[in-house]
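Chain IDs A, B and C follow the sequence of writing; residue 1 opens each chain.
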Amino acid sequence: MIRNITRKIYICLIFIFLYAPIVTLMVLSFNASKTRSKWGGFTLKWYKSLFENEAIIQALINTLAIAFLSALIATVIGTIACISMQSMKKRNRTILMGVVNIPMLNAEIVTGISLMLLFISLGIKFGFLTVLLAHITFNIPYVILSVMPRMKQLNPSTYEAALDLGASHLKAFFKVVFPDIFPGILSGFVMAFTMSLDDFIITHFTKGPGIHTLSTKIYTEVKKGIKPEMYALSTIIFVSVLALLILVNYTPKKKEK
Amino acid sequence: MKKLVALLLCGVLAAASLTGCGSSESGENGEVYVYNWGEYIDPETLTMFEEETGIKVVYDEFDTNEAMYPKVAAGSSAYDVICPSDYMIEKMIDNDLLQELNFDNMPNAKANIGAQYYEQSKAFDPENKYSVPYCWGTVGILYNTNMVKEPVNSWSILWDEKYADNILMQSSVRDAFMVALKLKGYSMNSVDASELTDAKDALIAQKPLVQAYVIDQVRDKMIGGEAAIGVIYSGEAIYTQRENPDLEYVIPKEGTNVWIDSWVIPKNAPNRENAEKFIDFMCRGDIALMNFEYITYSTPNTAAQALIEDEDIRNSKIAFPDLSQYSGLETFSYLGEEGDELYNSLWKEVMSE
Amino acid sequence: MNKKLLSAPFLFWSALFIIIPLCMVFYYGFTDKDGAFTLSNIMAIATPEHSKAFFEAVKLSLLSTVICFFLAYPLAMILANLKGKRSSLIALIFILPMWMNFLLRTLAWQTLLEKTGVINSILGFLGLPALNIINTPGAIVLGMVYNFLPFMVLPIYNVLCKIDVNVLNAARDLGANEAQAFLKVTLPLSVPGIISGITMVFVPALTTFVISTILGGSKILLIGNVIEQEFTQTGNWHLGSGLSIVLMMFIIFNMVISAITDKEGDTNAL
């Protein structure tokens, strides 16, 4: 009983810690004053001007498309890499894990500039594609780091048992291994998606003219003051994702195998 | 969970297909690639330019001169018009990245921009061949009259212990050193080791009094009454005063930095003619006025200055100070790689103190 | 099915987008402006400013990693114990804040922590003394913990979910009390997740510069700030690359040590 209450209090405290700034941003989105530090009364005008601002909407679309595609491709490559690494010798695996971590180890600006130089030497036109390639690159480690621990916990004999019972490799993988590592894959995907949403520096150096993501918009706004439209947009994104989560979670379960 | 992913997938794919169309068509008279500071133009003027000339504007933004430079130098993207600051223009000229402008194609740039601004530009563009001034301003002290009761007219107030933990300093190397060098009576373009050491010692002595080293948050922090004194750009000062009337801006008697951001055309510009049309359009009186009202940074455009209706603004000492009244005014020049390194290593000593 | 072949896309990708750029960093790190070989960019870490910035960064990021761990482990356990579909929803709720832009979130903390900020207004209203944490190392650690906590929670949560309840029950049947069961069974089994978590928190915390700029008021110089400055203010890519290489070596060194400690890896191969 007491234990249960302690648990709830603990969850609540962390929850407050994580959400205090989010609530602040939401409140700011209704602030009539343009500055962060002054409350100028309640307004909805930022929401209105947000929807009239084509540039921001276009940036939002770009951001989502890049985040989704890069996370998806990174998840596929990363998961396959994890599977193949399991059958490697320990030494090779350690080396490969080292390589995996490099994009995380470098300061972002170093990765950004070196990728820019690479794309120039490859002669790829700067634009959507270069940003996507860069994002996939820095997303892969996050996928591998969250799939790997799950992989290590797998019991290899279940996979072999499936093979012995006549399943093909592919079938054995999808029926036995995949369900077990799926939560790891999913959290890797979510993490990659998140990292991609947030990135500014690497995007800045790998993007071409005229392509914007929300981050590049926000960072360039810092000089003249962040427009409250950005707070409004964040609030909308946040609320809609939350609503989506709750919706998915509480729709009556249809028969899922 | 799977359903959630599926939903996300549909949404994003729909969004992605929207991006595919829409952004690719070009104007009937080609395009112009503009690279400017973030939030440094009234977007309406871009639309007007597109409508009047049939040239499509591909607009891109940067947040610091230094983030812009490698992109242009490496040639990863070819821009037609860029708007860097003074010392950066000199660096770009030094590195042969800019092309000469043909002022015959830009009558407005010739007629509307005040002669004194071209004169100032000579500090970084000695023959006025490469740049057309877009915005300018000073750097000064912004103080809260509720917290600072004495008259402010000198940089030395930033060393006054009364205001310990109430002072906001600029965090970029050159700006911070400018304050200390001016205080000591030196040139802000000094590369003399003993003068710079002197300035460094002053900055170290000041550090315990400083609340924070900031760039852009001076504005918000001063409006919120978080600090009593801050070093700020004049364009921001007008905005902060609108939000908080207790704030006062002053140009210190020791002199300060007069900076200019100017339009330039890089060597590798694919649409040179359109670039000149764009610059000339931005120099039109009514357009410059729109931009001034939108971004509140002083315009060097005399035609626009005459059009300003609000008398307070037209005669504002902040927006349009009479520079002849002040002494010790200078514009940053590029100090070469060695100069930059010297400043940077001294600044690191201050920061790690 | 040839497992070796499966690694091909990843190997290709790493060679092109990770190894080649890395070589460029090494090239810059080991040359000077004229392209001649030099070690001075690497040795620069030994100057008082750089080494101070380096140790300051190590100190603060270690501290935040430890705090993250102690906050995240109980949380991950509680989440893993919630049975069924709901637990993954709740786990998602804990990363949801990250979908708000990093810069906006960090600026929001500034609004909260400032001298005249939200928290102090509330404290003042309640007649409590003001909290003076903004522009101190404490605020930087807070920013790091806040931003990187989800990276610690998720991998630990993932691993804990996979632990077979029967193993725990067996331990209890064999006479272990709660604490023993935790120390002897749960904790060792969750080591891979912990290592992932530590890497994902420690590394970005070590290289960050935005947090120390916004919440630390730039008064504390971290190695991330130095590297960033070399690239964005001085334009000395050689020194910036040299210092990044040192930082990278330091992290790799630590990871090798943790890989040696992580002996579990060998027995569990698929």
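We adopt the following convention: contacts are C-beta pairs under 8 Å (C-beta built on N, C-alpha and C of every residue); 3 or more make two chains touch, one makes a residue touch a chain.
Note that the structure is a prediction, hence the values are computed from the model and not measured.
Under the stated contact rule, the graph of chain-to-chain touches is complete, every pair of chains being in contact. When the C-beta contacts at B-C and at A-B are tallied, the pair with the greater total is A-B. Here the spacing of chain A and chain C, counted between their Cα centres, is 16 Å. The distance from the centre of chain B to the centre of chain C, with each centre set as the mean of the Cα atoms, comes to 35 Å.
Work out the mean CA point of chain A and of chain B, and you get 34 Å between them.
Multi-chain contact residues of chain A (touching two or more other chains) are listed as 36-37, 113, 117, 186, 219, 222, 245.
Among all residues of chain B, those that touch two or more other chains are 1, 67, 70, 221, 224-226. The multi-chain contact residues of chain C, meaning those touching 2 or more other chains, are 85, 88, 110, 114, 116, 231-232.
For chain C in complex with chain B, the residues that touch the partner chain are 33, 48-50, 52-53, 85, 88, 110, 114-116, 134-135, 213-214, 217-219, 221, 225-226, 229-236.
Chain contact summary for the complex, chain B toward chain A: residues 1-5, 7-9, 11-12, 15-16, 18-19, 23, 33, 35, 37-40, 43, 58-63, 67, 70-71, 74-77, 79, 215-216, 219-221, 223-226, 239, 243-244, 295.
On chain A, the positions that touch chain C within their shared complex are 7, 10-11, 14-15, 17-22, 24-25, 28, 36-37, 77-78, 80-81, 83-88, 90, 93-94, 96-111, 113-115, 117-118, 133-134, 136-137, 140, 142, 145-146, 148-154, 156, 159, 169-170, 177, 180, 183-184, 186-187, 190-191, 194, 197-198, 200, 214-215, 218-219, 222, 226, 230-231, 234, 237-238, 241-242, 245-246, 249. Here chain B touches chain C in the complex through residues 1, 64, 66-67, 69-70, 171-173, 207, 210-214, 217, 221, 224-226, 337, 340-341, 343-345, 348-349, 351-352, going by the rule given at the top.
Those residues of chain A whose C-beta lies close enough to touch chain B in the complex are 33-38, 55, 58, 61-62, 64-65, 68-69, 113, 116-117, 119-120, 126, 128, 186, 189, 204-205, 208-210, 216-217, 219-225, 227, 244-245, 248, 251, 256.
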